[in-house]
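After this come two complexes, each holding subunit A, first together with subunit B and then together with subunit C.
== the complex of A and B ==
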């Protein structure tokens, strides 16, 4: 709680800088249109309420957010809730896919020397390839084998970004029991599967949750990247794209803020789940 | 059909070879560690070639590796131009500016505990955001050329780098700092001789994350407008013209650039943090 005051101060400073920036960046357009010399107050008032500002003031974005989140019906195509839901669905699908893939690969890596030597270098290389370069290809490929719509390609892209942190965290987690604990399992005459379910898997849970927090943020980034270059018409990324094409910065910024809120909510949800799971499993003291 | 069966045989041989190498006595040598992933990569490429030919996949959907290699060889000049525009001008300059700015900011944050408590949670939050979405705005502000791409990269790498460097600077024990105090070391001496070396593994972690982000940022920004060259520009136009082999050639360039970039940073890390437990083998 002692961090609240510093955080609020920094947020207030950011908002102040933002307003100053809005005045500075939008004033050129104000002065261009003016007939005569304007007083400073008039310039400031005009920069706060332009239709297509270079940098929209925070209250303009707030008004747009209120309009598109609260005022519009949830089913309307102009409602941000609708677009957020489209993005959220792909994100969660990709997150589930990526998590399952990451966990399965981690189990293979921990149990098979061949898999560990083969997969780990390629997993690292796969992350150095900029996924956005492949995004348009994935859509072409899937469309040609008969997968319609954009939900599946988006989910694949977000799974691609999301599996890696899960894989790395789970490998670390499954290897975290030390020799003493593994020996104890052997003295109990536990089978390999018992050792996995009763020792390795439970002790990997803290590592899993830490990587899930990274993973879900990565999955959201993947979905939005998947919506940007592919001409999607639904989803928060598509709102950014359409706002860019129609030259409407307020729309871009409100979609960005909505994406930020979504990211915050998703990460905090995983954090809450982590807290509950840790407590029930006896990790928290 | 014969080629498909051949592909499956190639898979079996490749995997068998890897199992043999991985379980042999040589698996801990450097040669073994390199051979296994290389054999896997070659196996996949050969299978890809055989499958595409055997199943007669249209080159508009998935071109064969040989076709991609042919395009790569024929279009080297275009690819080199795109590489220079996107990687050297856009990604690299943004990477350097962004990381340097984040480093300077983290020194400031580190000196002011108030900022540390206020800015760090926000930095952590921002580092998890889909910042690429800011690309169209920055392209609008800085124009179509590489400056806007560099700006996107700066914004993308800033926060991961800041968060990592600040936590690295905090990674010295009270005992070590007390020792510096008994030597009557100044702030800058402590920083230079104790805390920066201790922060190196964290800083390099941030740099490694940033290499990937830099390429992503530079390429995505090109989807929103660029001069008529650049990797993102080429990919989006060639997909529209169904020049899929050219797209794969660009992906190859992106993959090589990304891996080399990452490898360079990792090599510098090995040289500078040779003392760290994670680097001892």
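== the complex of A and C ==
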């Protein structure tokens, strides 16, 4: 509970700054429309309630979130729960795909010098290419080989961002046993697969979970980016795009907040899984 | 019957600064049931020699047999248990799980495993700690668990590389006493690397004194001490005489004004 006070202080400071920013940024539009001179109070009141504010005030986003999350039926195209679910599904698929890819590649890199020299440079290059440039190509390519719909391409784009932290973390994790522990395996005349399952893999678990926390956030970003340039009409990315096209900042911001909350929940879930796994494996003290 | 036989053994590491002679002309025979200590300053090759016996290093000259086979054949036959300087227990395994590790690798049956785990944990006085994790144990207890791990399978040679080097003297005395009892009960052949003169004299039937550059044997001392050794034997004249001879050997082989 000791942490609550400092956290709330920071939140309050952000909200205050936000309100100040809203007044400052939205006042131009208020003054443009004014027939005569306005008092400061009148300006502030107007900046808080514009339909298309440059920077929506927090309570406007709160109201929009309440409307689109709580009030709307979850099956409605205007419900953020519906769009969030679409994004979540792709994120989790991409996360699973990326994690498996990352782990398999890490095993290859650790056990084969050739793989290490050929895979790693490409893995690094893959992360320097802007995902927005690659995303449309993935969709076009998949469509041309007959993959319909948005779900698969989105998951692949998501996996594309997600596998890298897993790969890097797992390579480090699988290489974490020291010379003495490897020697010990040698004194038992353990086979390579025994050394993998009994030493390298368990040693890598703490590294894996750290990577998964980065990976799941990357998977979410990947999904949202995958929804942006592809003309999707469902998902949080699509909400952002539609909000942009229709000049509706409140919609953009509420989708952003929803995405941020979703990311927070996902990372926390992985952290909880990490806690349970570490405790069961005896790492926790 | 001799268990370990080395003759004219040499090991030269090729480094960027030229060849390093880690071992040179090592000749030694270890009989079954011996407790042999290797003592010498750092760089004398005592650990390297132990690692050669374990086939963790490959000698570049001479011959070395373990149980009548080459060292690597002996390793593949699981002829020895090795205790490292650090306990090196797996943090994700309980104490019982750690002791079970070699048994799992060697494919013992479930019943056999639990029987052996219980027996060796009793042997090192760790009964009741089966379900604890390594971090819940003191350093001395962890090292005892690692000895239990090396005893769990049927190797009649125990190779120990400064196993008590990181422990304080009180714990070390206690473990030395326990190790002697254990050696007496299990009748294993023990090769023990140390840099402590009292430890070497207290434990061993033979003390091998080594010196560096190149790593070689300068003296082999047969201990006149009886097999039964209470801790206060260390104040006896015989003990002090052997200790003195070891010290002389170390001094002769190592010029301190270098």
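Note that in this section the second predicted complex is superposed on the first by the 282 of 285 C-alpha atoms of A that agree within 3 Å, B and C clash if a C-alpha of one lies under 4 Å from a C-alpha of the other, contacts with A are read in each partner's own complex, and residues count from 1 in each chain.
Please note the rule applied: a residue touches a chain if its C-beta (ideal position, glycine included) is under 8 Å from a C-beta of that chain, and two chains touch if they have at least 3 such contacts.
On a predicted model such as this, the values are computed, not experimentally measured, just so you know.
*Asks:* Of the partners subunit B and subunit C, which touch A:242 in the superposed model: first, second, both, neither?
*Replies:* Touch status of A:242: no partner.
*Asks:* Which holds for A:256: it touches subunit B only (first), subunit C only (second), both, or neither?
*Replies:* It touches subunit B, and subunit C stays clear.
*Asks:* Of the partners subunit B and subunit C, which touch A:38 in the superposed model: first, second, both, neither?
*Replies:* neither
*Asks:* Examine A:205 and indicate which partner it touches, taking first as subunit B and second as subunit C; both and neither are also allowed.
*Replies:* A:205 contacts subunit C only, not subunit B.
*Asks:* Which of the two partners, first being subunit B and second being subunit C, lies in contact with A:6: first, second, both, or neither?
*Replies:* Touch partner of A:6: subunit B, not subunit C.
*Asks:* Can A:152 be said to touch subunit B (first), subunit C (second), both, or neither?
*Replies:* Neither subunit B nor subunit C is touched by A:152.
*Asks:* Would you sort A:190 into first (subunit B), second (subunit C), both or neither based on which partner it touches?
*Replies:* second
*Asks:* Starting from the residues of subunit A touching subunit B, keep only those that also touch subunit C in the other complex, and list them.
*Replies:* Overlap of subunit B and subunit C footprints on subunit A: empty.
*Asks:* Going by the contact rule set out above, which residues of subunit C touch subunit A in the complex?
*Replies:* Touch residues, subunit C against subunit A: 54-56, 75-78, 80-82, 84-86, 88, 90-94, 101-102, 104-106, 133-135.
*Asks:* Please name which positions on subunit B make contact with subunit A in the complex.
*Replies:* Residues 15, 18-19, 21-23, 27, 32-33, 36-37, 40-41, 58, 60-62, 114-115, 117-119, 121-122, 125, 128-130, 132-137, 139-141, 211-212, 215-216, 219-220, 223-224, 231-232, 235-236, 239, 244, 247-248, 250-251, 254-255, 258-259, 261-262.
*Asks:* For a test of understanding, state which residues of subunit A touch subunit B in their complex under the given definition.
*Replies:* Result: residues 2-3, 5-11, 14, 25, 54, 113-114, 117-118, 121-122, 124-125, 127-134, 136-137, 140-141, 144-145, 214, 217, 220-221, 224-225, 228-229, 236-237, 240-241, 243-244, 249, 252-253, 255-256, 259-260, 263-264, 267 of subunit A touch subunit B.
*Asks:* Touching subunit C in the complex: which residues of subunit A?
*Replies:* 180-181, 183-190, 194, 198-199, 202, 205, 281-283, 285
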